[in-house]
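Shared chain: chain A. Partners: chain B in the first complex, chain C in the second.
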Partner chain A sequence: MVTNVTSLGRSGLYDWMIQRATAVVVGVYVCVIVGFLLQHPDLSYEQWKAFMTTTAMRIFSVLSFIAVVAHVWVGLWTISTDYIKPMWLRLSFQGFCAVALFMCFVWAVLILWGV
Partner chain B sequence: MLQVKVYRYDPEAGKGAKPYFKIYEVDTQGKDLMVLEVLNLVKEQDETLAYRRSCREGVCGSDGMNMNGKNGLACVTALSEVLKSGEVLVLRPLPGLPVVRDLVVDMTPFYKQYEKVKPYLINDDPAPAIERLQSPEDRDKLDGLYECILCACCSTSCPSFWWNPDKFVGPAGLLQAYRFLADSRDQATDERLSDLEDPFSVFRCRGIMNCVNVCPKGLNPTKAIGHIRTMLLSRAS
Partner chain C sequence: MMGQTRERRPTNIDMGSLFAYQFPLPAVTSILHRISGLIVFLMIPLLLWILDQSLSSLDSFEQLQECMSGFVAKFILWGTLSALFYHLIAGVKHLIMDMGIGEDLSGARVGAWIVLVLSIFTALLLGAWLW
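And then the complex of A and B:
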């Protein structure tokens, strides 16, 4: 058993499941957005705003943001443990990614709720 | 005449000894020789060349090496399989393992991972008088698993093993892990799965299937790894 303190689920199985489950959520979200865009070839700002600010879409959007953040974290964590061998550099990279992902998430929620 | 470019490294050559390629000319007399036979001809020219070989028929797994970029057993790989017309035969040691000398690598990291999966039957029941029986159906489950000869061609062609040879078990070890997980006579399934659940041992496999591509016995470690993942998932859900 090889343990690692910065792994998201503390277990390979959980990280693997998180990555697959979040991929499904993001995939469905993309399909919904693309489907909406295809149904509205002459889309106006008002239509787009009305669609994105419905409670259901807001909840789905936030869920997708969380899914993207979790998916990206597992991926970047894997890359960092593959390629960055000096511990200080790896932890710095992981810290930078964690802060950047958190900022992106908050920013996305602010945009969603700001309109 | 066939040009053979061989990786040479002699750590005893003195301080600052560096690896280099040496080119040999070998007369194959137009025959489609096995790479091991070509190496033997090179050895006749240069006795200082070091490489491992034993059974020369793909059973012992000693002469695993990288031939024109692809891992395989020199004794069962014909020149026509690795050469296009007019090409140079380039021989390198198995990638990702420390080189002892020339084409001989230190297999310790590979064996350590193999040892980690406890590659032996664990059964606490008193041993029967003759043998532990299996149904023919249970025995069939071991086909495609037990044939591994531990040549390390698969693990040393796997980038995940190159980056984490101390943490990722590697395709050869995982094939053996599943060989015992699938064995109806083994009683340590839960313990074995617990040992493999971490983020590295199994889950560092990204499924690129280099292992399947190079296995000289035609085995499929990626499929075995998939079965281990399914077992881990079934146990946790």
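And then the complex of A and C:
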């Protein structure tokens, strides 16, 4: 089995599994948000805040953000490996993605626990 | 494409002549899946900013509504959400194909058509919802 230190699951098969498992989590999360928005056409701030700050939604949101980070990492790793050939450029791009994703994740957690 | 003198040596295709080929529809939906994924990744800060503004306070919630009423803001949000839903629909097709459904050539073509039609329909719905 081919392994590569920069992939997430250390092998293509694990990356394949991670990509699909996280996709399902994020897909369900998007459907829940869309469902809520469709049920509340004239959404007020109080309704929105009450919904997003329930413990269940907070946990689901954080779970989804973790899934997004893993999903984006596998996806961008795949794309950069396919299209960016110079090693230094590819590693720079992947490094940038890792830092950006980490910052987005911290920001997301701060938003959810700040309110 | 190949003449009678069959070239056995594998040849590389340069980027210029790549566009001379007519791509099959599944190839187009596949590259769009990658492009839409990249777009959504680049737009994560925007989506987080919207989440932040919508939850921080009643003031910021109303400011956000005002900010999002302009055409440019709506268009950017529409583009981002359309890319997100394209990515989601194409992803569901991927999962269905992983289960062994529609893996042959004709199935792949049908699947690609369904993805395109559904995502155009979703983009129109998003437009109607935003405007």
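To be clear about the criterion, the second predicted complex is superposed on the first by the 114 of 115 C-alpha atoms of A that agree within 3 Å, B and C clash if a C-alpha of one lies under 4 Å from a C-alpha of the other, contacts with A are read in each partner's own complex, and residues count from 1 in each chain.
Methods note: a contact is a pair of C-beta atoms (placed from the backbone, for glycine too) under 8 Å apart; a residue touches a chain by one contact, two chains touch by 3 or more.
Remember, it's a predicted structure, so these values are computed and weren't measured experimentally.
**Q** If we overlay the two complexes on their shared chain A, which of chain B and chain C does A:Thr81 touch? Say first, second, both or neither.
**A** first
**Q** Could you tell me if A:Arg20 is touching chain B, chain C, both of them or neither one (first, second, both, neither)?
**A** The answer is second: A:Arg20 touches chain C but not chain B.
**Q** Please work out whether A:Val115 is in contact with chain B alone, chain C alone, both, or neither, and reply first, second, both or neither.
**A** second
**Q** Per the overlay, which chain contacts more chain A residues, chain B or chain C?
**A** Larger number of chain A residues touched: C.
**Q** For A:His40, using the defined touch cut-off, is the partner it touches chain B, chain C, both, or neither? Pick first, second, both or neither.
**A** Neither partner.
**Q** Taking the superposition as given, does A:Trp107 touch the first partner, chain B, the second, chain C, both, or neither?
**A** second
**Q** Enumerate the residues of chain A that count as touching chain B in its complex and touching chain C in the other.
**A** none
**Q** Write out the stretch or stretches of chain C touching chain A in their complex.
**A** Those in contact with chain A are residues 34, 37-38, 41, 44-45, 48, 51-52, 54-56, 58, 61-62, 84, 88, 91-92, 94-95, 98.
**Q** Write out the stretch or stretches of chain A touching chain C in their complex.
**A** 20, 23-24, 27, 30, 45, 48-49, 52-53, 68, 72, 75-76, 79, 97, 104, 107-108, 111-112, 114-115
**Q** Which residues of chain A touch chain B in the complex?
**A** Touch list, chain A to chain B: 1-4, 7, 11-13, 15-17, 78, 81-83.
**Q** Which residues of chain B touch chain A in their complex?
**A** Against chain A, the touching part of chain B is residues 159-160, 163-164, 167, 194-204, 229, 232-233, 236.
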